[in-house]
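In this document, chain identifiers A, B, C and D correspond to the written order of the chains, with residue numbering beginning at 1 in each.
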Amino acid sequence: MDFDPTRVAFIVVSAIAVVSAFRVVTAAKIMHAALWLGLTFLMLAGVFLLMGAEFLAAAQVLIYVGAITTIILFGIMLSEAAEVRGRGAAPLPVRRDDASLFRRIVLPALAVLAFVGVMVVVYSQVSWPDAPAGLGGDTVRMIGRALFTDFIIPFELAAVLLLIALIGAIVIAVRDNGRREQG
Amino acid sequence: MVELAWLIPLLPLVAAVVIAFLGKRLPGQGDRIGIAAISMAFVLSVGVLVGVMNGGTAAGSVTWAIHGDLVLRMGWEVGGIGAVMLVVVTLVSLMVHVFSLEYMKGDVRYQRYYGVLSLFTFSMLGLVLADNLLLLFIFWELVGLCSFLLIGHWYEDLDNVRAANKAFLTTRVGDVGMFIGIMLLFSQAGSFRFDEIAAAVAAGDVAGWALAAGAILLFAGAVGKSAQFPLHVWLPDAMAGPTPASALIHAATMVAAGVYLVARAFGIFEPSDAAMSVVAWIGAITALFAATIGVVMEDIKRVLAYSTISQLGFMVAALGVGGYTAAMFHLMTHAFFKALLFLASGSVIHATGTQNMHEMGGLFKKLPITGWTWLIGAGALIGIPPLSGFFSKEEILIDAYAANPAIFWVLVAAAALTAFYTTRATYLTFFGAPRDRAAYEKAHEGGMVMTYPLIILGALAAVTGFLAGPFADLVYYGHPHRAEFNTFVFGVATVVWVAGVLLALAIYKFNLVSRRRLIQAFYPIWMLLKRRYYIDDLYNLVFVRGTIGLAMVMAWIDRTIVDGIVNGVAWATRKLSGFIGEFDLGVVDGAVNGIAGAFVVGSRLFRRVQTGLFQSYALVLFLGLVAGLVILVIGG
Amino acid sequence: MSIPLSYPLMLAAALFGIGLYGALSQRNAIRILMGIELMLNAVNINLVAFAYYLEGAAAAGQVFALFIMTVSAAEVALALAIILLLAKREKHIDIEQVNLLRW
Amino acid sequence: MYEWLLGTGMSQSLANIIMGVLKSLIIIVFLAVSALILVLMERKVAGRIQNRPGPNRLGPGGMFQTFADAIKLVSKEDVVPSGADKAVYILAPLVIFAASVALWVVIPFGPNLVVQDLNIGLIYLAAVTGINVLAFLMAGWSSNNKWSLIGSMRSAAQLVSYEIPLVLTLVAVGMMAGSLRLGDVVAAQQGGIQNWFVFPQIIGFIVFVVAGMAEANRKPFDLPEGESELVAGYNTEYSGFRWAVFFLAEYANLIVFSALATTFFLGGPSGPLLPPIVWFFIKTYAVIFVTMWIGWTLPRIRIDHLMNLGWYVLIPLALINLGWTGLYVLWRG
């Protein structure tokens, strides 16, 4: 196989993504987990870029890295959970009784392994198109057009959803403050 | 000028937005912005009307959304009826805006009031201009919202909140029907546009049942919004709002929206006989029925509210008998004289601080301008020639007489009652001896901003009747149609209004018959009217109490039966264990422990399932998914 | 000059697995949330990959991914609001001790 | 250059990589030099406004003062607080600097003088600005100091609030140009001053400048480092070279935002007689000067006022601007 920069770039980016995703789950400090999550998101933006979805890549950085990671960091700092207060504390330990260990570690691991195994089997059996069909032209325009024609109703619904989420988040987060002031 | 019609609603919208966001920082909390915008809109509307009278029409639209083959367009259209409505709405709205300057001075939510007024004006104008049912429906709901906000303007008082909720929910009942009707018509005709639906109907593309059902369902919306029987109950309660707002919304414009809707969609109604007779009869019944209640009301605004319902019934009945021009003409004249009456009553309320007519009396001397303008409005409402109401009511009666004598006689009876209660209200308010000295002494005429709108509207209420000719040339369905003067109808109408006025004077002025004796003699009827035919009570009983009762039944079931079973089991277990503990502690210890052990084991087993941890549920869910995948892979 | 389709699919499967493990095994609510975000991202990779490789799927795939981003943004906002409420009331965000649904 | 590299028998991809590295280096050097100039400019402008001469000892008119400061900073001891989260602490300035440099990728200095004219330039800008927030939070949290933490929370809140109007004005600009490519935005403003977007977009321009100043933490929006309340904000614990990087990034942000204002509203590098790049810098520095002028004239704004300004004034204005732009574009056809 000759040197194919796209492929190499993809492998490198994917590898970083997988490693940092793994660190999200295993990092001792939750702050680090969140930052690893940000790195994963960033690498996935790179993956999108390599697959011709530059608009989505930018949206990925804007939404996931810029917004979601930030909110999660805020959430960590504000929730003042035990794990955060004692900065360096390890993640809440799995309780030592056997049932919990079984449910928390063994079963999920089995489920995940089974899932990935099945997926690998499936992927290896199917014959995929070798070359990309290509996107043809300006993807930004294409997405815009699709959003305002075929997907107009989902698009409007998404707008409503965001509004509801905004109001809901404010109501949920603020409600208890008032109660505490009264109490 | 006609091409600029789309600008007219935008002006109040801009005003509404500016007042909403910046009102607090503007001089006068933004009232001037509202007035400036509505004045410009009025000037533009007059220009549009002149353009339309010279034969111009205009329409325009922008693409709203494309979904597959369906292209939704947002469009506006202005023809004769639209141009007239634009002028009426902007004019009345302008008068109300100005009048409110003094009436609402110092109100806690002055800014909000003006913001909502502007928003309402925008919505109403949008409703008038909309060229399709969907857009009309959106504005329809917007005016409903504004009405809700204004009725509940003083929401510190729970009654006002209830009234607002009642108005909103009652009209919603009609709106649901209307929405179903819109969708039904859309499914049949494939379009929301009035002209396209009418064309499809004319071409026979719409099945007969669908046409009748669609038209009647649409009319259900109009019944709600125009407060027709049986959804009229909200309008009298809506008088809880500020009086100028009532004048604008609950007398002149929004309640006329239902009539306007029927007129706008006349191409859907006209071909269906069933729909037309429903419309005609609902209108006629409402006209008579509301007039009878108006006879016994004591609150001046409620009298006017029932009068409004009755007059709207006249318009709807006129539409039902095919009197398109007559209905729209009455809509216009009614808008002016009823807005006038409401503003005059507002002036009275402002002066005396009460709404109960029995606490007024003799105010004519104190409020000469209000009194004179009220007399003009009342005369127009009764239909005294040559005031405007005479012409429009005469046209309706002529059309009804020609189409359906039964309806004609119902309307005549309503007209007689109208004369009676109007005279009664006039006399009780303005003449006779003052019944509340303190209020009488401090009563005085409002300032310029309150009297000028009255004078302008008074002049309009007096003279618009003479415009019947040009109006008929401008607003018609099919071909221009002028009501021919009919001596018989004129004679009957004159006799009944004269009789009504004389009867009221006989009772209230000359005391020929004692009021108490009258009430005693007709006590059941009086009570029936006083309780408004028990319809409100009926609704209260069936719907409100029904819902609450149902909820209580459910709560009872939940508390008694469900909880009972749970508690019973717990109680039984406790008793049982106590029993066993007391008697058999030492004797059958082993057996008891065995049973308990069995329960423990059983519950351990079963409670595994209900851990309350979503992760467990997710795990099970996912394992199921994987299992499904495995089966798919192996099987496929 | 191209990537075989199986690469992004494998990447997605791996990320999904990691995210799933995180969501199932952690006790801290925020960590669970992170796991869920990883899973959603893995789904997005699949969508984008199919949009790139399958004929005529370009717009639909990317638009779908965009919707997923929207939904997950809304989801994170709400989830964190709930977590903040939890933290204020219970002084912890240990999901194991929040079992109001139990029994 | 690119052709020359290819001429030496190098493969295309390698040439691309080398070109990329070279361009980044040029930008970094340019930023460093600009920051030096700006520091001097800032001190001079501040001096003029406060009716004092400013630095005037070292070199003609104090020109070398900044160099001396820079040398001092770089040669200082590199301290990492013992309670700090070391990895994050070290990474934070790098992230913020990387984000600042990354913004320059799409800015056209002149015709063909742009690193990579992305077709999603506007969204790219919005996306990359978002990373700054992350870096502030990293710096503040990892320092293990409550002043730093509060400062970083403040700056994050500020950035998040002001990013919304900023992105909304970007959208309006994109609507005006009918493209998200910065090259097209500049091209749409060619042909004289009357075509500059600043005229139809005057509300947008004002919102952009105010929000941009807040994004770049310029006075009077420099709350995150409000000395009187928070010592020095998120970078309290930083010193020496790392501090210098923060400092550099801040000035880089200022230049970026001024360059963006130039590109979006002032016609970018177009102008008569002088070469485009000169025009570009003239306009950019004019904007920078205005921001300094504002910053040294107005007192620092209070935190609640800052939030109110963002949410109650700038966002509604940006929305109005968006609506107006839609109407304008429709009307223009």
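Everything that follows uses one rule, which is that a residue touches a chain if its C-beta (ideal position, glycine included) is under 8 Å from a C-beta of that chain, and two chains touch if they have at least 3 such contacts.
Just so you know, these numbers come straight off a predicted model, no measurement behind them.
K.L.:
Count the C-beta pairs in contact for A-C and for B-C, then report the pair with the higher count.
P.N.:
Of the two interfaces, A-C and B-C, more C-beta pairs touch across A-C.
K.L.:
Among all other chains, pick the one whose mean CA position is farthest from the mean CA position of chain B.
P.N.:
The most remote chain is D.
K.L.:
From the mean C-alpha coordinate of chain A to that of chain C, what's the distance rounded to whole Å?
P.N.:
From the centre of chain A to the centre of chain C is 5 Å.
K.L.:
Whole-Å distance, chain B centre to chain C centre, using C-alpha means?
P.N.:
Between these chains, centre-to-centre, one finds 48 Å.
K.L.:
Could you tell me the distance, in whole angstrom, between the mean C-alpha positions of chain A and chain D?
P.N.:
29
K.L.:
Return the distance between the CA-based centres of chain B and chain D, expressed in whole Å.
P.N.:
56
K.L.:
For chain B, jot down the residues that touch at least 2 other chains.
P.N.:
615, 619, 622
K.L.:
Return the residues of chain C touching two or more other chains; collapse runs of consecutive numbers into ranges.
P.N.:
20, 24-25, 96
K.L.:
Chain A: which residues touch two or more other chains?
P.N.:
In chain A, the residues touching two or more other chains are 5, 55, 59, 67, 74, 107-108, 111, 115, 150.
K.L.:
Could you please specify the touching residues of chain C with respect to chain B in the complex?
P.N.:
By the definition above, chain C touches chain B via 20, 23-25, 32, 95-96, 99-103.
K.L.:
Under the touch definition given earlier, write down the residues of chain D that touch chain A in their complex.
P.N.:
So the residues of chain D in touch with chain A come to 11, 13, 85, 87-88, 118-120, 123-124, 126-131, 133-134, 137-138, 141-142, 144, 149, 153, 156, 160, 163, 180.
K.L.:
Which residues of chain A touch chain D in their complex?
P.N.:
Touching chain D from chain A are residues 3, 5, 29, 31-32, 35, 38, 54-55, 58-59, 61-62, 65-67, 69-70, 73-74, 77, 87, 138, 140.
K.L.:
Flag every residue of chain C that touches chain A in the complex, lowest number first.
P.N.:
Its residues touching chain A are 1-11, 13-22, 24-28, 30-31, 33-35, 37-38, 41, 44-45, 48-49, 51-60, 62-63, 65-67, 69-78, 80-89, 91-94, 96.
K.L.:
With touch defined as at the start, can you tell me which chain B residues reach chain C in the complex?
P.N.:
The touching residues are 607, 610-615, 618-619, 622.
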